[in-house]
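Here the chain labels run A, B, C and D in written order, and each chain numbers its own residues starting at 1.
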Amino acid sequence: MSNLLGHYNYWIVIVLMMTGFYIVIARPNLIKKVIGLFIFQTSVFILFISMAKIEGGSAPIIEEGISVYSNPLPHVLILTAIVVSLATTALGLALIVRIREAYGTTNEDEIHVQDEQD
Amino acid sequence: MFITVSAVILVAIAIGLVRAFRGPTLYDRVMAANMIGTLTVLMVAVLGFMTGRPEFLDIALVYVLISFVSTIAVLRVVNTSNDTTEDSKQ
Amino acid sequence: MMALALDLLSWIFLLAGAAFLLIGAIGVLRFPDFYTRLHAVSVCDTMGAGLVLIGLMLQGGLSLVTVKLLLIFYFMMFTCPTAVHALAQAALQGKLKPVVDDRES
Amino acid sequence: MEHFIDIVLLGLLMITGFAIVRLRSLLAVTMLTSIYSLLSAALFVVLDAVDVALTEAAIGAGISTILMLATIAQTTDREKVPRHTPLLPLIVVITTGAALIYGTLDMPHYGDPDAPVHRHMAAAYLHDTPLEIGVPNVVTSVLASYRGYDTLGEVTVIFTAGIGVLALLGYHTRRQNIQPPGIKKIVVLRVIAKLFLPLILLFALYILFHGDYGPGGGFQAGVIFATGFILYALAFGLGNAQRLIPQRLLHGLAAAGVLIYAAVGIEGMLLGGKFLEYRVLADDPVTGQHLGIMLIELGVGITVAAVMLIIYFGFVSRQNSGDS
């Protein structure tokens, strides 16, 4: 039981991660792939933040009368990771817009077919 | 007592999620997303009091603004795409 | 005595707010079409949220926390009805017909 | 009790994830993605990561969703049914997942205060921050001071992303105003937008300069600042928004933010310290740290806000010019 509760966060995170992974590899639509990537990224964020949590701890903003704080280091890492995830999402979507203009579709299978015809 | 309120909020979020999944129109989904935005704001506010550090309400304030702006942004896009009354599953 | 009365009042507000939230949520699930569901959402957004925030303000007392809650309250009372209004307008322009008589249009 | 909320929120996240796989309308999927992001942001609050929650809400639920919508608006809403049977991907995913779950069995339990992560650096940061930096928010002190190099790199990444989007999509200035057809006639929205724009910008400044004492900082403030202008563009049309902040100004600001950051570092060198050493900026080391953090947060905020707007205008102006 303690094993289940102790690892619940990690397991759900892995399920989420695999959901995102599945969308990325199984769905031909490029926008859907970006969304899958987004889910994957967010689940990694949750993994790190779960590791930072200390039972009974409080947010790492120093205040009188609080002695236990959660670990601030993963927070810093993830804060920057979120910003990078936005950068990758924006670039990916911009590429999709250009691909759509060049091929007339956002479907990966159709793009492959067109590439083979050339 | 705060736990009662947060439990109710969680139930309401779950119901909103059901509506967002079932549709049937896109407007229903936007509405559900907006409702979940509101509920998340309340959730964060109640959580602050529950953990005894209520000074983090800035986050809730940001959520209000963000959920408003993204709702408006969706509405801008929705009416340009034609099939708004699609069926939800496949 | 005063503190107890305030606490009690705040709990009444919080519980009433929670009740309205639940009612609104059930309405969102159960009502037959989009426009009726908007009514239910408005109950959530204004009455439910408002009462919960007032309850929290009573808990916060005279402090910066209450000021922030007041700001959230103010923002919410503006943004939520605007969003719902815009949503209804968009749906109407998107040729979504309200259900008048039957369950299914 | 927090544990209970944590469990329920993770369950809801999982349901949302599965719903995203199942739905085929991309707009519907985007709505669910926005919900997913909001829920994960709420989860971050439960897990004590207030700064992360603020960032995730502003970036994930806000800007990312808006960008996805802009992309869908100029491509298509329907996802075609894939031609292949998803058997192979399913096997790959389940195998990987099983391997990862096997790997978690050796991990320390959730919330364990003796986990190796909490042993070394974190304790030092928590102990030293009030003495050396003098700001209560440890996340800000680590982000801006102890690991200032990383954050400089981060800002450069954002700046590069802005240049990348600019190179891919270009920047079209709209002379005439194309009003979004869906919300053309809504007067209420315009009044509210006009009422809220100054409040949002003021709030962004509060987040920027209050980042030392509460959740917040340059990244979040920049995004909120940009969101204010996006609201303006949504309510009053793109042309008006672009007249409000001209292209050249945006490009200049995007570069200026990074330069401010780097200049603070070089100023430290000129005053006899190391690169990005803030102690030497003032007579008193703690005051110097305060000054340095405030300046670099300002730089970060300026770059992030400008790049967000460049990206947004890039997406939306292309869409309009394609339509007409």
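The definition used in the following text is that a residue touches a chain if its C-beta (ideal position, glycine included) is under 8 Å from a C-beta of that chain, and two chains touch if they have at least 3 such contacts.
On a predicted model such as this, the values are computed, not experimentally measured, just so you know.
Asker: If you tally contacting C-beta pairs, which pair wins, A-B or C-D?
Answerer: Of A-B and C-D, more C-beta pairs in contact link C-D.
Asker: What whole-Å value do you get for the distance between chain B and chain D if each is reduced to the mean of its CA atoms?
Answerer: It comes to 19 Å between the two C-alpha centres.
Asker: Would you mind pulling out the distance in Å between where the CA atoms of chain C average out and where those of chain D do?
Answerer: Here the centre of chain D sits 28 Å away from the centre of chain C.
Asker: How many angstrom lie between the centres of chain A and chain C, each centre taken as the mean Cα position?
Answerer: Whole-Å distance between the two chain centres: 31.
Asker: Please output the residue numbers of chain A that touch at least 2 other chains, ranges allowed.
Answerer: Residues 58-59, 63 of chain A touch two or more partner chains.
Asker: Of all the residues in chain B, which ones touch at least 2 other chains?
Answerer: 16, 30, 32, 51, 55-56, 58, 61, 65, 67-68, 72, 75, 78-79
Asker: Could you list the positions in chain D whose residues touch two or more of the other chains?
Answerer: 30, 50, 70, 72, 181-183, 189, 196, 214-215
Asker: Kindly provide every pair of chains that touch.
Answerer: A-B, A-D, B-C, B-D, C-D
Asker: Would you tell me which residues of chain B are touching chain D in their complex?
Answerer: 3, 6-7, 10, 13-14, 16-17, 20-21, 23, 26, 29-30, 32-33, 36-37, 40, 43-44, 47-48, 50-51, 55-56, 58-59, 61-63, 65-70, 72-81, 83, 86, 88-90
Asker: Across the complex, what residues on chain D touch chain A?
Answerer: 3, 6-7, 10-11, 13-14, 17-18, 20-21, 26, 29-30, 33, 36-37, 40, 43-44, 47-52, 55-56, 59-60, 63-64, 67-68, 70-72, 74-76, 79-80, 82-84, 86, 89-90, 92-94, 96-97, 100-101, 104-105, 107, 109-113, 115, 117-118, 121-122, 125-126, 129-130, 136-139, 142-143, 147, 150-151, 154, 157-158, 160-161, 164-165, 168-169, 213-215, 217, 219, 304, 311, 314-315, 318
Asker: Which part of chain A faces chain B closely enough to touch in the complex?
Answerer: My answer: residues 58-59, 63.
Asker: Looking at the complex, which residues from chain B come into contact with chain C?
Answerer: These residues of chain B touch chain C: 1-2, 4-5, 8-9, 11-12, 15-16, 18-19, 25, 27-28, 30-32, 34-35, 38-39, 41-42, 45-46, 49, 54-55, 57-58, 60-61, 64-65, 67-68, 71-72, 75, 78-79, 84-85.
Asker: Can you tell me which positions in chain D touch chain C when the two form their complex?
Answerer: The contact residues of chain D facing chain C are 181-183, 185-186, 188-189, 192, 195-196, 199.
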